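Multiple structures are listed underneath, in structure tokens.
Same chain, two partners: chain A is paired with chain B first, then with chain C.
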Partner chain A sequence: MISEFGNLTVVLSILTSFFLIIFSIIELKNNNSYPSIKLRNFSILQLIFTNLSFLTLLMGYLISDFSIENVYENSHTEKPLLYKISGVWGNHEGSLLLWINVLVLFSFLFFSKNFKKNKKFQLLTLIFQNILILGFFIFLFATSNPFNKIFPIPSEGLGLNPILQDPALAIHPPLLYLGFVGSSIYFSAALASLISRYNGKDFAIISKPWVLVSWIFQTLGILVGSIWAYYELGWGGYWFWDPVENSSLIPWFLMTALLHSILVLEKRSGIYLWVVVLSILTFTMSVTGTFLVRSGILNSVHTFANDPTRGLYILIFLSAMIFSSIYIFYKYSPIENRSFNLFSKEFFIIINNWFMSFFLITVLIGTVYPIFLEVLTSQKISIGPPYYNAILAPFLIPLLFLMAYGPTTSWIISRQFKTKKIIYNLFLSIVITSIIILTINQKNFLINVLLIASVYLILQNIIGIYKNTKKNSGKPSTPNLASAISHVGFGLLIFFISLNSVTSVGHDLNIKAGEKKSLENFDITLEELKVFNEKNYKKFVGNIVVLNKKTNNIERLKPEIRIYKNPETITYEASIRSNIFSDTYVTMSNISKSEFYNIKFQKKPFMNLIWFSTILIVLGGMLRLISKKI
Partner chain B sequence: MKKIILSLTIVFICFVVVIFSLGLKTKKIYDTKDLVGKPIPLIDLKLLNSEKTFKTSDLKKNDFTLINFWASWCAPCRKEHKYLIQLSKDLKILGVNFKDDKQKANKFIKKLGNPYNLIATDKDGKKSIYFGVYGIPETILVDKELKIIKKYIGPINENDVKKILKIINN
Partner chain C sequence: MNKIKVFITILLAFNIYFSDLLSEEKINNQIYKNLRCIVCQGQSIADSNSDFAQTIKSVVNDKLSEGMNEKEVYHFLSEKYGDWILFDPPVKKKTYLLWSLPYIFFVIGGIAILFIFKKVLKHKKY
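Let's look at the complex of A and B:
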């Protein structure tokens, strides 16, 4: 029953999308000033049907209706409620349905909010967005229908992969989807603005909140994914340059570049085409990322089922998107006058864009190069952190300096480089950083310069906002404050990541219950092991005592080995003692046919501050979004 | 100039799309199913209960041989054991005891019965790699030329028994 109703809602959604395209094309030809109410109603209907399809699948999960193949494969009656819900998007079919829901939601909100704006622009945006929606619906229906039935009906489901049973991962996919699927709306709007010859400044004003929203969610999605990796994967890392992580980072670089370019476009012309290119590229790269992840073309820690048929469909769809965009761009792009004063604010923003493009290309090459090499030479390689660190880290230094200096300049009129502005703060940054470097006895030149540059960025922004507050009689202007918060957040992020990379310590040891091992600064004892039976798993909990020999401080940690029943899987839960400045991280695994346990012990400084810095970056974006003068 | 950039962009994108579509066809996961049709390696295996060795080439004297990789510590091996006993009435079975303790292995056989005509041992698991084994239980059916006809990853079941019997009786 649920399956039939789900299929019905999908069919109705497809029909409304189809009619929205047809009616929009018809209305393009009439002389009315605004789109008709009929279109708005269809848009509401589309939203209702699509949401209903998602809620229907959710219901299937909640009542454990195993007549639906998707529920049978990814759920189980004993699963906690939260993970029954998150199971909906913990698989390819359900997550595709969520993806479509986001496409439809953004289509509806954009259309409703800008109903009275330029009609041609509105209708064309609606047409492009609905072509995307229709394309993905056909993909869903043809290759990945979440409502497929299974007969005979199994009495129990196969369960959700236990490493996905985590609160952070329950919200990670929806956040990311709101981010990179949200970028579809400015993809559609950019193409529409080219054809309707929409004014660049108006396009910037209309697109900005959408770019901001998607950027905020994308950043949060990446943050939550990193936190999950840190707590759940048990490797003590938070970023692995895994192809799937890269697929979320590539659109983030583009969104960041776009966000900054749009600020310029609001103030002056000459950058409209670049903004259009970035808008098109952001969504194109999001779909490319989806192709890389779901086609199985790349090996990754992410566990979507690999199916080349799906890959081929996305590839064909992606090619159609790219070639149509190129055609529209070359046919309709206006001629622009691009002259910028050296050292004006927009000049620095453009430079920022080039840095983002460089980072993007580096990560993109690192991600897809193994595919090219394998196809052309049959050689298998994998590209790991050394490549990314070696290429990206040195280029962060000039970026940090430019981020510090750029916001102090004026729009359009600044022409000269003001040495005075930087000398004092730079000197102060070198002094502060030198004290830190001497305290931790750090000799890595690159890290030291990175630390100076990030401290300089933080100082420059704090002093900048202080001056701005004084100038505006005690209240800073919101855009300045928002930008300062995000930039301070970015400075802190690089600062703490750099410190974390050089001050983390890790030890691997094999230990029996009741035994003590002595390390350079720590004594580690595995006091005992206890066994507990939980609802859907059995767990072995190690009682580990860590003694810091320098401070005599004792920490008790309880890492777990969990044996899940459905599906039968073993997971290793890290135990983390966390405070503001440092984390003690312990994982435990059993050694086959032995009484020894393998303990991975790590001291990871500043982890909470790394998360906090990212939250600051997001807060800046949020502040800009909610302020009236964004 | 505009046309040159356009042409280069299109050529580049076509190149990327072609590479991606070819990339879809490349195999990403190591799979030993490809070994079906290929001969097993000609190597020596030590026997479990004597100091003698056994040459896999000796299997050529049988029309068909089933090679089963097992261990006393392997739960699914217990599950499939009755099917091996059933099959032992119709064909010769070589058991390869994988990363196991001799005493425990013999205890296992004593308790559950012996379906094997010969039991070889692979104490450190290195010889089994030549057969493409990456976990136990695994079972390989070979013919007179020592070619692999069937390969079963995981425990065999009733259906597999029927299929094996059909192959050898044809």
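Let's look at the complex of A and C:
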């Protein structure tokens, strides 16, 4: 029953998308000044049907209807409610349906918000967006239908991978999708803008909030993913430059570049085409990332059941997207007159884009190089953190300085570099950094310079806001405040990541129950092991006591080894004592055929401050979004 | 102003002076982090609980105590398990492009920006 209704909603959604395209093409030719109400009604209908299909699948999960293959494969009656809900997007089919829902939601919101704007531009955007929607719906229906039935009806489901049963991971995909897929709307709008010869400035004003929204969600999605990796994967890290992490970072670089250059386009012409290219690339890269992950070319936790036809479909779809974008770009791109002043605000924003492109290209090369190498020469290489750190970290230093200097300049008129502006703060930040370096006895040169640069960025922004507040009689202007908050957030992020990377401590111990091991600054005791039976798993809990010899402070940690029943899996749950300044992180695993347990003890400083910095970055974006004078 | 510039130079020199290679106690952990646990999924030797990781750790410790340096340990392991085990891909014929392409693109970007600003640089005096 649910399956039939689900299929019906999918078919109805496909039909409405199809009619939306047809009617829009017809209306392009008439002389009315606005799109008709009929189109608006159809787009509401489309939203309703698509949401219904999602809710139908959700219902299937909630009542554990195992006649639906998708529910059978990914759910279980004993699963907690939250994970029944998140199970909907914890698999390929369901997450694709979520993906389409976001496409439709953005299409609807964009269309109804800008209903009275330039008609040709509106209709073309709607057409392009609905071609995307239709493309993904056909993909869903043909290769990945979540409403497929299974017979005979199984009495119990297979369950969800336990490492995906986590609150952070429940909200990670929706957040990332709002970012990834949110970028579709300015992809469509950029193509529409080229064809309708829309004014660059108007295009910037219309697409800015959408860029901001997708950027905010993308940042949050990446943050939540990192937090999940830190808590759940049990190695105490939060970013591994894993190909899948990279494919969420690549669109982020593009969105960040776009966010900055759109601010220029709002004020003056000259980079319209560049903004269009960035808009097109962002969504293209989002789909490319999805292709790499879903096709199984990249192997990771994110890879769901592999199916070559799916990979092939996305590849064809992606190629069609890229080639038609290139065609439209060359056919319709206008001639631009570019003239900028050196050291003006727009100059620095272009430099920002230069760096963002560099980061993006490096990450892209690092992600796809091993794939190409293996295909061409069948040699396997790994590209991990050392590669990215070696190439990217040095470039962060000039970026941080430019981020500090850029916002202090004026639009158009600034022409000279002002040494006086930077010298005092630079002096102050070197003093501060030197003190920190001496305190923690830190000797890595690159890290030291990174610390100086990030402290400088933070100082410059805080002082800048203070001055701006005084000038504007007690209230800073919102755009300035927003960018300062985000930039301070980024400075803090680099500052804490750098400190964290050099002050983290890790020890590996093999230890029996009741035994004590002495380290340089800590005594670690495994007091005892207890066994508990939970609803859908059995767990071994280790009672570990950590004594800090310097402060005589005692911490008790309880890492777990869990044995899940459905599906049968062993997971290791880290135990984390989290403070503002430092985390104690312990994982435990059994060593086969022995009574010893392997205990990994780590001190991870500033983890909470790393998360906090990222939230600051997002807050700046949110402030910019809600302020009237954007 | 000049005094401050002198101060900055001194402090920077001080920072550089105090910068040093990694201390020896950290070298084992450093090496573990740069090795892939080839039986796991995207984990390093340092992060993995597997038997394979335990074996590699003791191999690394043995080789270090035999007097090998970090590079020699990597070389030894890559001879045995292939470059797949190294997270830091060594510069070889097959990785020339990998290591150079990012910089090449950076330079191309720089030239493109110069091109945009060429007009300004030519016609106006600063």
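Rule of thumb we're sticking to: the second predicted complex is superposed on the first by the 628 of 630 C-alpha atoms of A that agree within 3 Å, B and C clash if a C-alpha of one lies under 4 Å from a C-alpha of the other, contacts with A are read in each partner's own complex, and residues count from 1 in each chain.
Simple rule for what comes next: a residue touches a chain if its C-beta (ideal position, glycine included) is under 8 Å from a C-beta of that chain, and two chains touch if they have at least 3 such contacts.
From a predicted model like this one, the values you see are computed outputs, not experimental measurements.
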Joint occupancy of chain A by chain B and chain C, clash or fit: fit
First, second, both or neither for A:N448, with chain B first and chain C second: second
Touching partner for A:L315 - first (chain B), second (chain C), both, neither: first
Touched partner set for A:Y387, first chain B, second chain C, both or neither: second
Which superposed partner A:Y466 touches (first chain B, second chain C, both, neither): neither
Partner chain(s) touched by A:K420 [first = chain B, second = chain C, both, neither]: second
Inter-chain angle, chain B to chain C through the CA centre of chain A, in degrees rounded to a multiple of 10: 70
Which superposed partner A:F532 touches (first chain B, second chain C, both, neither): neither
Which superposed partner A:I350 touches (first chain B, second chain C, both, neither): second
Chain A residues touched - chain C or chain B, whichever exceeds: C
Smallest distance from any CA atom of chain C to any CA atom of chain B, in Å, after fitting: 10
Touching both chain C and chain B, counted on chain A across the two superposed complexes: 299
Interface residues, chain B side, partner chain A - complex: 2, 6, 9-10, 13, 17, 19-26, 28-29, 73
Contacting residues of chain C [partner chain A, same complex]: 1, 4-5, 7-8, 11-12, 14-16, 18-23, 29, 33-34, 36, 41-44, 46-49, 51, 54, 57, 82-89, 94-95, 97-99, 101-103, 105-106, 109-110, 113, 116-117, 119-121, 124, 126
Partner chain B, residues of chain A touching it in the complex: 291, 295-299, 306, 308, 311-312, 315, 318-319, 322-323, 326, 330, 371-372, 374-376, 593
Of chain A, residues touching chain C in the complex: 233-237, 240, 242, 299-301, 338-342, 347, 350-351, 354, 357-358, 361-362, 365-366, 369, 373, 377, 379-387, 390-391, 395, 415-416, 420, 423-424, 426-427, 430-431, 433-434, 437, 443-445, 448-449, 452, 506, 508, 572, 587, 589, 591-592, 598, 600
